[in-house]
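Read through the structures below before going on.
Two complexes are shown next, each including chain A; its partner changes from chain B in the first to chain C in the second.
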Partner chain A sequence: MTAAVKKRRRSRSFERKLERTAYVFIAPAAILLIIFCIVPMLGSVYVSMQKMGVDLSKAEYVGLDNYTKALADRRFIQSIGITLRYTAIEVPLQMVIGVVLSALLAKNTLINRIMRSIYFLPVVASAVTVGVTWQLVMHSNIGIFTYWLKQLGVTDPNWLNNTGTALYVVVFVAIWKTFGISAIILVSAIQNVPDSLFEAAAIDGAGKIRQFFSVTLPSVMPSFWFLLMTRIIGSLQMFDIVYTMTGGGPSRSTTTMVVYIYDQAFNSMNKTGYATAMSEFLFVFIMFITIIMYTIMNKTSDY
Partner chain B sequence: MDTVMNKVPAVGRKAPLKVRAIRLLKYLPIFILLLFFAFLLMAPLIWMCLGAFKSDPEVLSYPPRYFPPANHFLENWANVNKQIDFMHMTFNTIVYAVGTTIPALFVNALAGYAFARFRFRGKNVLFLLFLATMMIPFQVVMVPLYLEVYYIGWLNSFWGLIIPKIASAYWVFLCRSAFEGLPKDLEDAARIDGLNEFGIFVRIMLPLVVPTMITVTLLSINNCWNDLLWPMIMASKSSMRTLSNGLAIFIGNRTDNYSLAFTAATVSMLPMLILYIFGQKYFVAGQATSGIKG
Partner chain C sequence: MKKLVALILSVAMLLSLVSVAGAEGGKTTVVFWNSWTGGDGEALQALVDKFNASQDEVFVDMTRTTSFGDMLQTALPTNEAADLILLNVNDMNRYDGYLRPLTTIFDNTALKAEDFSPAYLNMAYKDGQLYGIPFQISTYMMYYNKDLLAAAGIAEPPTTFEGWTEAAEKISALSTADKPIYGSGLFYCYNGQNQSVIQRFGTDYLIVGDAENGFKANLLGNEALASALIWMKNLYDNGYNPKERDIDSMMAAGQIGLMTNGGWLKGTLDASGINYGITRLPTAKGDDLADWALGDLNCFMMTTSASDETAAAAEKFIEWWFTGSGLEAQEVTQNVDYSGMTPNAEWSISMCYLNAYLPTVASPEYQAEQILVDLTPSETAQVQMFTAPGTLFFSDAASVQADFVENWVFNGPANPTYDDVQSFLEEYQADLEDYIAEYYN
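For the complex of A and B:
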């Protein structure tokens, strides 16, 4: 046996040892994810075909009945409509505000740094705190914003108890709470654009606004698409702010899909199977959007 | 030529006073816009904090009173504690947050490290598996997960609250990208010195990614502190309630006790505010990397 063969053997056994180590290192996270994420995901298909409460032994197999029932459930269809409307208002507004403010805030001046930390503050506050605060801020009798709006000539429509306005208030609060994230993601994307690009554009005679559209925006497109995707998915899953601010009311005008699913699963008798079937629709929605967005992202990053 | 010179940013040279004045004037509308947004963001929170110091009639007065005429905070605080077990809820929240974060750091960093530094069979498949779990919305698994925890017998226990929340593909990715940037020589040198693989991870590699670990710690604590849906499902017993679901129930029941709502909300937010003030750059780093890597 030559030295070279020996060496190769040793290195192969060393490689194998490293491989084993890698499996051991990944095992804890993988096992936890399998037990508490993948198994429930697969289990959800089973549960969605049962008529049941929390007791599996009393479950009754109903096949696809829960799915057909969901499609015939007017309240479920209504909640899909509300969720889509919510998403259609929240996401574009959020993106426009995020893009504009991040462009204004990208330079690391003292003022911008202070502004950025203020804008990010509501992100760390809990949805419950935010929900409670805004419930009171928009309150008809004591609310400070209601009062200011009255001073500005906007008569109080009873913001959160009016079926015409409640959803818009919720949208506003959701943007208020999360646009710090959008701004921060876009600011760091803009800061990663090499200065030479801006300098070249300036030498070519491009003004600030022209620079924004011709240099900044195209350079941050990957981050923009990523943000757009996460915002859409987040909006489809809207729960906690709505739940703490309106509880889905008044007269179901803010009952989003997840609020309805939660309500059916945990506040109704024997409907966990039904609720899970509805959540599969949500899952399909989200998968669909993820696939579309990934396709767009891959196409745009090609050039 | 002249116009070009004006537009190229001057480095290490102060522009003449007149130019600076014009620049400042041009900046003014932007500054006002930024200030307006800052005001919109801060006003509700400041009003909430001020509300914690007002008595109920003062909160109800019309037109609204901005500043509390006298300090009623201690009175409100005592009343909050009479109606709900605020300290116990805080204790539960701390156990949930710390109990999740410490094992989460270890488990996810270990997996992220393996994905970043080792070559092994099935790496891509495993990686896709991790990726897939990120796309599963929690709402879809919540009922089966609830059933699972129910059959294990962990309902209304810290085990049930904590264990399912430890592993997170998101943290694995964050750790993976941090470990990927470290030089290969480090491990080789450590191996020659006779350190085993776990030793290399703990003693050599982990200390080099401390900023990422702090980011994961802060974001994880913040997530747990603010988490509403899972504690609401898992911990329905009043002695197991965390601040988030405890307050949601408290305020849902008594919407007429405004000053108490203000007080409870303010105090429950305080720890996160302190965490944010001291760890701002880590919070921001966590969000920023997620955007760029995506």
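For the complex of A and C:
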């Protein structure tokens, strides 16, 4: 056996050892992932094929019935429509507000630091507290906001109890609750853009607005995409603020997918399996959106 | 310094644990969950505290929560639910397999089966096993603001729904720009309240039939239901009833003339200081309808999470509820001396809940409460307000009702006719038929 062969073997043995060590290191995380993510996911697929209530031992296997039933359930279809409408309004508004605010607050002045903290306060407040508080603020009878609207001459300011306006009120509150996080993430992204880029743009004659669109925005695109993706996923899963403010009403006008799934799981008889099947639809839908977003992100981002 | 702070915090945490254990002082702890979070919740807590202070064997650890159903559904399969719960008998089927039969309660305690109204106690039996002891009949009544009625020149609260509309019109006329006042206070999103008035139009309206001959949805072709829906919508369209999901606070603020609700509102109104009265709900024609129930039955039930020890301790608490002594001074209600009453009698009288425990019903204190005597159903009465026969349909039938009432009132045609109601209800009839097909026929 030549020295070169011996060396190659030693190298392979060392690589295998390294590999084994790596597996040992990732094993705890992998085990946790399997126990807390993979097994429940498979379990939920199993449950989605059962007709069952609380008692799993009395479950009856129904194959794909729950899935076909969901596709024919007009209330579920309606909740998908409401969720998409909510997402289509909330996400763009949230992103625009986040971008504008981050541009205004990017400089590390004392006032900007204070304003960033203030804008971030609703983010750390509990969603239930926010929902209940805004419900009182928008209350048709005792709400301060409604009172102001009446003073301004608005004839029917009962927006939270109106089927045509309730969803917009919820969107407004959801944006109020979360725009701080969008702004903060984008601020930190802007602060990481090298000054030399702005200086070069200024030397080339670019004004502040041109610098924003030609330097700032392209530089923060990875953060922007990340935010956009998390906001879309969050909107598709909207539950807490809707549930505390409107309970899905009036007349189901704010019943999002998750509110409907919750209602079927906890307020109906023997529908745990059915609710789980609808959750699987939501999961697939979110996964589909995420894959599309990743694909677009990879194609458009230089990073 | 950091180590010192950490040490102090650790000691404080340990001490707090010791103090909690000390509070229970070697007693058997019965975990008790319920959803009594309304104005009646404080009164229930006061009675439980009284029980805990009255003896050294059992400590009842009560949690009152609006998430009661969610907690129960998720905790039952893992045996981590409360030992004792308050549950509507309509939900017995939902938790089938997780409720503990109360087979020994009449042997182990001074309670006797014959002391409970058979119509109600029988509802708590399933397959020959007793699962519940009647806690209260959650009754719906008409609350009225005496001052508003007087200001509108109305001498007596209405006894018909036509009279309700007339009174609502007069009371609503008292409204000012600063203080809107509505004569009528129906919650259109509130199933129990809607049910209570619709039923008083004289209809078994959701589902009719029986297990032998089959069930069917009873929305279409139901004249009484159509009349009720037209009445409800006209109240809203004419501005006599607000479009609000929180009428209780408006009633407490003196802005509502007439409304329907259960005893759970009483504590809130007592605390608000408004001058209110309670009477029977009207009927469509002012007739008696004594055989029409106005409420649902809630029971003490035990779950399979209870051990033999905690179940025995819970039995002691239930026994105390019916035979022990209640509070000497009840703070949350007015003008009644509760000394000497059992907790059950005090609860019933102070909160205006009908009682299924016959010694309480026969007591002079109960009989002195005219509204309770008036509302107590006859022996042949339907004991459930929700008219679906049996109990399996409750949740889903209720969800269909919740959908159509609000949708009809807010989005239905103006000046509606019987035919408008029929075409509107078609899809809801189909929904109900689907539920029936799925669960029964």
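Assume the second predicted complex is superposed on the first by the 263 of 303 C-alpha atoms of A that agree within 3 Å, B and C clash if a C-alpha of one lies under 4 Å from a C-alpha of the other, contacts with A are read in each partner's own complex, and residues count from 1 in each chain.
The rule is simple: contacts are C-beta pairs under 8 Å (C-beta built on N, C-alpha and C of every residue); 3 or more make two chains touch, one makes a residue touch a chain.
Since the structure is predicted, the reported quantities are computational estimates derived from the model, not experimental observations.
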item	value
First, second, both or neither for A:Leu121, with chain B first and chain C second	first
Touched partner set for A:Arg252, first chain B, second chain C, both or neither	second
First (chain B), second (chain C), both or neither touched by A:Leu101	first
Partner touching more residues of chain A, whether chain B or chain C	B
Chain B versus chain C as contact partner of A:Gly53, first or second or both or neither	second
Which superposed partner A:Asp263 touches (first chain B, second chain C, both, neither)	second
Touching partner for A:Tyr168 - first (chain B), second (chain C), both, neither	neither
First, second, both or neither for A:Tyr67, with chain B first and chain C second	neither
Intersection of the chain A residues that touch chain B with those that touch chain C	54, 56, 141-142, 247, 265-266
Chain A partner contacts - residues on chain B that touch it in the complex	3-4, 7-9, 30-31, 33-34, 37-38, 40-45, 47-48, 51, 59-60, 62-64, 107-108, 110-111, 113-115, 118-121, 123, 126, 129-130, 132-133, 135-148, 150-151, 163-164, 166-167, 169, 172, 197-198, 201, 222, 225-226, 228-229, 232-233, 243-245, 247-248, 251-252, 255, 258, 261-262, 265, 268-269, 272-273, 275-276, 280, 283-284, 287-288, 290-292, 294
Complex contacts: residues of chain A adjacent to chain C	53-58, 74, 139-142, 158, 161-163, 246-247, 249-252, 263, 265-270
Touching residues (chain side chain C, partner chain A) in the complex	69-70, 73, 76-77, 93-98, 180, 188-189, 242-246, 249-250, 253, 255, 392-396, 399, 403, 406-407, 410-411, 427, 439
Touch list for chain A against partner chain B, complex	15, 18-19, 21-23, 25-26, 28-30, 32-33, 35-41, 43-44, 46-47, 54, 56, 101, 104-105, 111-112, 115-129, 131-137, 141-145, 147, 176, 181, 184-189, 192, 199, 202-203, 205, 222-223, 226-227, 229-230, 233, 237, 239-240, 243-244, 247, 258, 261-262, 265-266, 272, 275-276, 279-280, 282-283, 286-287, 290
